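Structures follow.
Here come two complexes built around chain A, the first alongside chain B, the second alongside chain C.
Our next item is the complex of A and B:
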């Protein structure tokens, strides 16, 4: 039985601790052995071991692409890829972070482009060096079908490339594995921007609203609210009508239309 | 990996009480909600914002006498990383029109607009360009784009949500610019969720009177950041990006204008001087201070740097005592700690339970009240569940959603959460989640006006670092709008100011000298040295083995 009068040692913030009786496992950071608590992520296990990140840590939530990591298990030839903040340590894991990998990015002026694939081909001719080995897809920690979107770009299907690549966090692991030396994630970014600007229809209702705002239509209303007594503002707040949850887009109108 | 055998054993207690609880829910009976008086009590005793302990009044600077959390107050009462008298300000390393400090969504938007306004721009980043809370925002961005909506209603929703404590010119600016921000992002090639005809898909959020939340999958912030960063990279002729080079002190000129900053190259440990005609502060929030030990949803560099630097330069702040805690952050598994579990889980009927599988609160109290009740149950009553990494959590009984709404509901209604846990061997349709309140957003920040100007000529602010937009409570979707609205306004304003003709006189750190003198006169002993730049997660054992007391001088080899 543990002593109940003693405050249990509790992890605070992001600092991990080794609670009494918890198991540790050996991991090898760039070949060097450390004993760390099981269940920790690679990132927190390294911090537990005494590392302090400068590169190789960002959002710590699996979305920024700062902590791509490559690892192997002792005795196994197979390479694995993951994010240090999302991958749990395993005993006898040999790991190294690849926080940066050089990749060419082509500069462009979106406003002078058209929604055609030739634009992408001209800026990234190396796309045609792809030999479809699929190492890029295998390396992707977000399970993006990288080869799929590279192929879509080659075939001229910008929408398909944009949609397949949407979950990309631009960590660069694909580029690090590419035999054709293709900067896949930069090309995908270009495809998404071209798609959103030139292929996906633009929002007409938004254009009208922008014109109304620039014409000063709402300035008097906002001035009125800004100058109101708190009680009057509260009354207006309480009197708001709520758009029904299931109203189809652009169909519902409030009873009071004087502030639209 | 899933739950450890010890935790699986505890889950049996949850399963034991579940049938009765599900029956109760079917009869539409709930654990009683608190009365207003009881809310007050639990908030004052257990909500970190309300608790009187671990707070202090700052003794110096523009907010002298105001009460803050100790961690915040200590940084406001801190001294500089450099000895101001020993810095040679005649040796200028970079000269530019506009210096943007912080390259998240707000800073990058400001940089693009300043470049559009004909200015040369330097963006100084602490980590990589784009490492920010922007990139982590999932849900969406508010803007009154629909016919049934208008900036009038966006204003009302925002100020009501903030308990009418918001600064009104900022709310008006936000409501007015919001649709302009969406149009700007659309033109830059951001992939919004759209209907076939191009109309943006909109949803309601907590406190909205109209469906106003536009989104981009469940990674709206990441998409915004990718697009604006890519656009900034297209303007490399005007925008220079410096990474791993945070600002550590603002520079003024002899006329009292803001005129640049000292940067610190974190890799080579060198300092450099940037002389600029205007400065935009866009350093984000303070989640990584882990106030009172809370986990956070924030990125690695969220350490309040901008507020600290501005404070020494005479720019005060508002609402900084107010922090948004989300009641249900992940407490297990470790790789997800601090990340959000949406309110929707409780909306679908999941109960919050203690170690004995018992309910102790109404699951849908306001966020601040709910957070306080969880903290009370774990800390005061000791009925939390200890994880293998020494964290405390409480159960969120997601499997009962399946019983209430039918099998498959969890996966259908909470696809992202389902996958997030499944990846770590936990099926949340069959096993409950361990949760605890998590530090989410810095509601307050530095004082600016509706044009993003501070009282210091030449200094602008945008994004989470500024205060007043959200008052003491922020609505979902207004933080992403805040960064674009005020980022753009700051960039436009800075460019206009520079184009109006600015002559920077001799650079000075006299404001730091004066501030540190004030510290000494106020009797502040052992002030912290700040900005702290990055949190330190070394364990006590490691810190001890670094032999801090036995060292002759510095850390060897560094």
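Our next item is the complex of A and C:
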């Protein structure tokens, strides 16, 4: 049910200023109490409180995985996980950042390996220490079914592992919780790479285009442009044919189609 | 008829031959096989430490998956998977204190109290198809093939989850006889194959697998049938080495019982993936006219 009388909890952009009329709430960062505007994300709230992120923040858009946070709500035994740049603060949150969690990544040469599950098993034998406790899945801020992809790898199903783990942003929270000490996210990355290289059929048009480029189709054009005088190049740029703004996709073609 | 099926990790990798032949056979018998969604490792070996509940979580989670997906029975095939799942299920049915602890630990799942029944493939065949009906479905009888029913350790032990009483081999015998084979009793049908011991060392003088093969060969058995990838590893994969080191007198071709079933039902030999059996002799099957469909 939607309670419309409550102030909606939305993040207010990327500047840590107190929005007009915003209430402040107490949060506890590494055990110390701070009053912060209730509309901020954890990351902005920490900056509001005076912290500066030199590491542990990157895209601020929920995709780089640099800002995992672990928190508990006062009085509740449950551990919660989120991305500091995405999760809005709540009153009486006890939180800490885990910007990095050590997990060994196996080194491999993708071109030299075989596209079979045994390759993953050999590089990450820890996978077989899994007891299916599911703490990894509970820890994932991206709601990835981590136990599902670990199981898929053990079952030799690389495609399934690649697809289930697709949303992984490599934050490492799964590994931080694993009682089998498995580096899940590194193993999943390997599964996706093997899937893309050896299992997923290659797109014909992409293969053909790469062949054309490598075959030198565009080299004369580039040579011509790089041999031009600056003024001529500028004039050519200004006079260039442009796709009209807001043209419906696939409706526009240049007059000269010989380069397509 | 539709059944919920738990394959297990090995049946998806090294023991595809056990799995594929089983599924194809059930389909030929008109049974729709539905693999449960989102299953994980069964735990492989049932933990005997009384308070080691964390190792119950894996098998119980699979049973929860089955319950969640509306199954009252979960059919499984690998002897090890059957054993861990059935024993974990028994614990959840009988030990209320441990059940409660496990349910509370798995607070991300629905509660479980043993509502699903774990059924071995052989029991399923007997109960739901029956040997008479199976016999009628046979297209290429395994006539003249002398088979030994190799049960190994975990199909019958412990007694309260065993698929049949210890020392009797009625289920596999019933199936094989329905397929037209001659079942030859031998004294090593429930002896240990050597389990995981082989991983730590070369086959040794008193190799358990060698003893089983020698006893089977001595009894006049031409083919061993098993339900367990670990048994197959010890008896089948190691057989060449045992022969080279003169630990066994003569080879005894080793098959999964589902491969023999599939052949007798007239299915293409391809579904049996014999390329994965190191000690399965196609010559033997040909000479007994068991490869009719091929």
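Here is the rule we use: the second predicted complex is superposed on the first by the 187 of 260 C-alpha atoms of A that agree within 3 Å, B and C clash if a C-alpha of one lies under 4 Å from a C-alpha of the other, contacts with A are read in each partner's own complex, and residues count from 1 in each chain.
Note that a residue touches a chain if its C-beta (ideal position, glycine included) is under 8 Å from a C-beta of that chain, and two chains touch if they have at least 3 such contacts.
The model shown is predicted, which means the values in this text are computed figures rather than measured ones.
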Considering only the touch criterion stated at the top, classify A:41 as touching first (chain B), second (chain C), both, or neither.
first
Looking at the overlay, what does A:131 touch: chain B (first), chain C (second), both, or neither?
second
Hey, is it chain B or chain C that touches more of chain A?
B
Would you check which partner chain A:117 touches, where first means chain B only, second means chain C only, and both and neither mean what they say?
second
Please work out whether A:179 is in contact with chain B alone, chain C alone, both, or neither, and reply first, second, both or neither.
second
Is A:151 touching anything from chain B or chain C once the two structures are fitted on A? First, second, both or neither.
second
Check chain A for residues that touch chain B in one structure and chain C in the other, and list them.
none
If we count contacts the way the header does, which residues on chain B are in touch with chain A in the complex?
1, 4, 127-128, 130-131, 135-136, 144-153, 155-157, 159-160, 164, 168-169, 171-172, 175-176, 179-180, 182-183, 186-192, 194-202, 204, 209-211, 217, 219, 222, 226-227, 230-231, 233-234, 236, 244, 266-267, 288, 290, 293-297, 299-300, 333-335, 337-339, 386, 388-392, 423-424, 534-539, 542, 545
Can you list the residues on chain C that touch chain A in the complex?
7, 9, 12-13, 38-41, 43, 54-55, 57-58, 61, 105-106, 108
Contacting residues of chain A [partner chain B, same complex]
8-19, 22, 37-41, 44, 47-50, 52-55, 57-61, 63-64, 66, 85-88, 105, 107-111, 162, 166-167, 169-170, 189, 192-197, 200-207, 209-210, 213-214, 218-219, 221-223, 225-226, 230, 233-234, 236-237, 240-243, 245, 247, 249-250, 252-254, 259-260
Complex contacts: residues of chain A adjacent to chain C:
117-118, 130-134, 137-138, 145, 147-148, 150-151, 154-157, 179
